[in-house]
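Both complexes below contain chain A, partnered by chain B and then by chain C.
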Partner chain A sequence: MELWSQALLIGLARGGIYALLASGLTLAYAVTKQLHLTHGNFVCVALYLCIVLAGSLALDPYISVLITAPVLFGIGILIYRYILCRVMDSGILVSFQIFLGLIFVIENLLLGLFTATPRLIPSFIVLHRVTLGHLVLGLPHLIAFIAALVIGLGFYWMLRSTDFGRAIRAVSEDMETASLMGIRVRRVQMMVWALAFVLIAVSASLVAPWWEVSPFIGLDLTLFALIILVIGGMGNFVGALVAGFAMGLIESIAGLTIGGTMAAALPYIIFIFFLFFRPQGLFRGV
Partner chain B sequence: MEKQWLRLDRVLPIALFIALAILPCFVSSYWIHTMLYMLWIMYLCTSWNISSLPGLFSILPSLFLGCGAYVSTIMWLFWGISPWIGLLAGAATGAIVALIVGWLSFRYKLPMITFAVFTLIICFVAEFIMLSVPIMGSTEGIALMYSGTNPAYFQFESKLPFYYIIFAFNIGALFLVKYILNSKMGIYFRAIHDNERVAGAAGVNVNRYKIIALVISGALTAVGGVFWAQYYRFISPHMLSPHFGIVLILLTVIGGSRTLWGPVLGSVILIPLGEVLKTEFGEYFPGLNLIIYGVVIIAVLLTLRTGILPYLSERQQKRKAALAATSHFSGKG
Partner chain C sequence: MLRLEKVTAGYGVLQVLHEISLDLDTGETRSVIGANNSGKSTLLKIISGLLKPNSGRILFDGIDLASLPTDEIVNQGLALVPERRRLFSNMTIYENLLLGSYIPRARERRKESLEMVYHLFPVLGKRQKQIAGTLSGGEQQMLAIARGLMAEPKVLLLDEPSLGLGPLLIKDIFQTFIHLNQQGVCILLVEQNATVALKASSQSYVLSHGRVMLSGKSSELLQDKRVEDIYMGK
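Our next item is the complex of A and B:
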């Protein structure tokens, strides 16, 4: 029972992180129609920033989000303005290839600066446990799950009921008409792109105490986010949230029941299944 | 002006290949290895290039490579079959894998980027599987046995025979690409790349030709895998990791995919540079060569929007058009 509840919580926490990453990716895709292939690599960048901050200023990863979030926001804007904006009209393949190149640059810069040793970032609450009756739950997992849920719902509210959210939905449905209606398409795209980077920083801080980081986990993370993107429906925000949580749960339950390589390969197998039997994903639209 | 370009276009590659044929007799073993590595990469890039002719963006090279290497090695270690036969079997396996992947994805009309992501994920799954199968060495990989020079079993003491074998492979692959580009199939490929729907409406069997391109590319890449297993005498599941495949794709794109000499240009410029950087700075800064590849592709695509060769030929065409327009104008005037 305790094993199960812990596995469920870990699954929900992982799922929450996947949901945050995938929803950032999906929003960026919806408004620019470009696939951000270095999404996971920037999680690594944010995590290593946390490591540096923990080493030099002894900052807790939960606090260092106050620094990493603005930094990644800036990186997002730079990447939009100086890379994406310039090649957006030349088709999706050009930006795809540029991001493939960027993967190598980021991975190997991190490798050169921090070596390949996997690391954990200490947090003062990492050893705390929450007891509910006779259930013992890890606090970082609980925080990650709740934070992901709150942020996800907050974004949903923003998309539904603010002007900015309506602008995002309009741009993702039809860029040209949106610009005719007086929406500044480029600005919306830039803000969404930067917001996706903020989500990256937030999820990095949430996973810092319980995920080992090495320079090469980036591509795996991107792939996970892409899988969730396809399963949830390309560009669908709610789909990404639902599929993210579901994927985290499936992964941890499979780890408990099947175990080993099969469990690790299960998300990919689910993805291939979806690709061939329901390629439009669970949900449609934005 | 026009004639000079034409000559440069023909003379440079021939000079390059003559140089590559003569040089290994004069340089040290280290340089032979570097040039051999470069030729191997060039061969793999050319093979990937074939799959890109109809506009496919597959990230499968590492999977095909693994197919070739594992099939020939396992046939040799378990049944003592010569790697030369394993070469054919590896190529056949690569072709079959390509057939399955292609049939699955084109039947369901996956969009280009979804296809790319799908192939990326297949590579990951294949690496997972190979890492966990103990007969095939799992994580430790397989070291190939070696018993002195034995041409019948694709084993040589010195590097030179390997060098000339991969040299010949390259020539063969380039002639194949040239043949394809000039044949009816090349025209179909170009039509599919330019506009799939129009090509289909004009009577080209789109799925069939896409699969053909993927199958040829798969078989050739698998042959490259067999070669590397015999030369390096060690294979591991990390060959299947998509990272290596992406390097090949980047090199091809820098030179210019869908052109005959693009893959050659990319690997001739960047592989020697990368290898030198690796030996000079590898201790302090591993992966510096990959950073350089990444920076170069970002710079090339940001400034030119395509690879180097397509950009040059496009500019050439524009200049020709401008020339024709002015002469037309002046003729009228």
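Our next item is the complex of A and C:
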């Protein structure tokens, strides 16, 4: 019982992180039709920022997010304006090339600065447990799950009920007509990319106490977020959230029942299944 | 109010519009008619900023629109109801209308504008929550026009509003244009359906191969044999 509840919570926590990363990726795709292939690498960047801030200013990752989020927001804007914006009209392959190159740049930069030794970021709550009746739950996991859920619902509300949210959906459906509504398409695109980077920073701080970081975890995260993006439906926000949480749960339940090796392959098997039988993903639109 | 002076435009090396000059005064409805591929849609793309002219000027209240981006042109008071409606088909009627009033100036008067378009097209008011993609052709055209009106435009640009509609619906919709014009909305109507367009406007321009071949009072053009000849490519 306790094993199961632990596994479920870890699944929901991991799922929450996947959901946040994939939903940022999917929104960025929706408004620009470009895939951000360094998404996971910037999770690494944010995590190492947390390490630096913990080392130099003794900041807990839950607090240093107040610094990493604005920094990543800025990086998102720079990436949009100085890379994406310039190649967007030249088809998806050009930006693919650039981001693939950027993966190596980031990985090796981090490798040079921090070596390949995996690290954990100290947090004051890492050893705390929450006791619910006879259930014992890890606090960082609980925080990650709840934070991801709240942020996900917040973004959903924003997309549905604010002018900015409707503008995002309009741009993702039809850029030209969106501009005819007076929407500044490029600005909306830039803000969405920047927000996706904020989600990266938040995800990084949420996993900091329980994920070991090395310079090489970025690509895996990107691939995972891409799989979730496809399963949820390209560009569909709710799909990315649902598929993200589901993927985390499936991973951890599979870990308990069919064992680690097969469990690691399961997400990819599900992915292939989707490509065969439901290539459009769970949902359509934004 | 709106004045085009010798506007030339095209796509890449392909020249579509040749020295088009055109006027629209306050309170007027004018139409631009012509067969397929005569450059009508390109003309509206040029005015709304989706395409930039190679030469010539587009003056709106004295401002040259040629250097402005589309969103700023909307802000200046020009709203385009595009060909084939181009609704946000995954969104509801209500959301489409809200997007129509996205610019700050229109946002402030959103409530009044909603009342106005619901009064004009009651069917939209009754089905606010319906997804736009599931509407019939006529309802979609009403929504597209309503969405354009939500921007509180000084000039409404209409691209082929009769397209895909039956004769009765066309009559209704064009009656609405006359009504709107009486309310003080200035309309530039681009149409392939010459008869309805000429009946709904005061002055008209007949376009062929990207040139204005003929222009004058709509009532006179309605009787003019040359209009048909131009349509037939003679």
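Heads up, the rule we're going with is that the second predicted complex is superposed on the first by the 286 of 286 C-alpha atoms of A that agree within 3 Å, B and C clash if a C-alpha of one lies under 4 Å from a C-alpha of the other, contacts with A are read in each partner's own complex, and residues count from 1 in each chain.
Heads up, the rule we're going with is that a contact is a pair of C-beta atoms (placed from the backbone, for glycine too) under 8 Å apart; a residue touches a chain by one contact, two chains touch by 3 or more.
Not measured: the values here are computed from a predicted model.
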{"item": "First, second, both or neither for A:109, with chain B first and chain C second", "value": "first"}
{"item": "Which of chain B and chain C A:180 touches, first, second, both or neither", "value": "second"}
{"item": "Which of chain B and chain C A:260 touches, first, second, both or neither", "value": "first"}
{"item": "Touching partner for A:170 - first (chain B), second (chain C), both, neither", "value": "second"}
{"item": "Contact set on chain A toward chain B in their complex", "value": "35, 83, 86-87, 90, 92-94, 96-98, 100-105, 107-109, 111-112, 219-220, 223, 226-227, 230, 260-261, 264-265, 268-269, 271-272, 275-276, 279"}
{"item": "In the complex, chain C residues that touch chain A", "value": "48-50, 69-71, 74-75, 79-80, 82, 86, 88-91, 95, 98-100, 102-103, 106-107, 147, 151"}
{"item": "Chain B residues within the chain A interface of the complex", "value": "57, 104, 108, 110, 112-114, 116-118, 120-122, 124-125, 128-129, 131-132, 242-243, 246-247, 249-250, 253, 284-288, 290-291, 293-298, 301-302, 305-306"}
{"item": "Residues of chain A touching chain C in the complex", "value": "163, 166-167, 169-170, 173-174, 176-185, 284-286"}
